[in-house]
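Letters A, B, C and D mark the chains as written, and numbering starts fresh at 1 in each.
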Amino acid sequence: MTHTIREKHKLLARVRRMKGQVEAIERALENEAGCERVMHLIAGVRGAMAGLMAEVVEDHVRMHLVDSEKHPGALNTDAAEQLMDVVRTYLK
Amino acid sequence: MTHTIREKHKLLARVRRMKGQVEAIERALENEAGCERVMHLIAGVRGAMAGLMAEVVEDHVRMHLVDSEKHPGALNTDAAEQLMDVVRTYLK
Amino acid sequence: MTHTIREKHKLLARVRRMKGQVEAIERALENEAGCERVMHLIAGVRGAMAGLMAEVVEDHVRMHLVDSEKHPGALNTDAAEQLMDVVRTYLK
Amino acid sequence: MTHTIREKHKLLARVRRMKGQVEAIERALENEAGCERVMHLIAGVRGAMAGLMAEVVEDHVRMHLVDSEKHPGALNTDAAEQLMDVVRTYLK
């Protein structure tokens, strides 16, 4: 039940970018940056993480809710797309 | 693609309770209640609405992602449950 | 510690609009509208409520954090504006 | 307009813990962990980041909204506490 290789690379790239953003918060605090700057950086990580979660949830819906080898065509893709719209709205 | 009768009644009861909560905000404003009271009431509606959304999403996952008459047993209920856990966490 | 008259009218107009939106969810459920429609309407109320909360919090910051008659000019309006930016980002 | 030394150390400890959590997501993806594990780890970072933001906002409210040397006692601490309650509820 793992991700495809292509998905894995995309997700890893996102996570590594996020690590860089967390390190930027660390540096900002070490360098006594103002609250405003720090709050702005935290909001950035939050957005990045919401994007990561949305992508993982999307993979999960497309790949794991239905075993498409055993049950080809069983996943209603319109209904899955509607679900993803809601998830994206709430993850923002 | 509608809800079951039982689900419909549960959802309607939730929505009507939510309407009552919105009316309480209206009265609080009319009666010049303080910000604290109003903020508290708004947070209450937000919680109620998150609960409503979680329930509708749950129905949607269980009933519409897979047509269980055409594809019995195709929905992986463990994977669906994991998805619902994430949705509930983010709707809180 | 109440809102100004002008603020009160603006807030009341928002709350009444929100009540109308909740009633639209109620009707959608009574009329057996599909999940997609209901999820869309709930997301709309959520957005409206976030806007209401942001406005009440803004009033609260501007009017109650500092008693401007006793302490004129004490509220740092730049810092208050930065705070409101964060609140708005997270209420979305 | 910087944080106190004590605050700075607390915030840095939080950020470093968060970096460790992001690295755990990275390792989980590299080791082909399942979606469920990855979603769980992401939700953990999200909680940690909400806690960090709440703390930075709290510092901001206590230290920057009012210059307490120029305007001692001007910040209404009850009103500030109510504001922080709302922020914490929404950051969860």
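FYI, a residue touches a chain if its C-beta (ideal position, glycine included) is under 8 Å from a C-beta of that chain, and two chains touch if they have at least 3 such contacts.
Predicted, not measured: the structure shown is a model, and the values here were computed from it.
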Reference chain B; chain at largest CA-centroid distance: D
For chain B paired with chain D, centre-to-centre distance based on mean C-alpha positions, whole Å: 28
Averaged-CA centre spacing for the pair chain C and chain B, given as whole angstrom: 20
Residue list for chain A, restricted to those that touch at least two other chains: 35-36, 39, 43, 53, 57, 60, 64, 79, 82, 86, 90
Chain contact graph, described as a line, ring, star, complete graph or other shape: complete
Contact footprint of chain C on chain D as seen in their complex: 53, 57, 60-61, 64-67, 70-71, 73-76, 79-80, 82-83, 86-87, 90-91
In the complex with chain C, residue positions of chain A that touch it: 35-36, 39, 43, 79, 82, 85-86, 89-90, 92
Residues of chain A that touch chain D when the two form their complex: 1-3, 8, 11-12, 15-16, 18-19, 22-23, 25-26, 29-30, 32-36, 38-39, 42-43, 45-46, 49, 52-53, 56-57, 59-60, 63-64
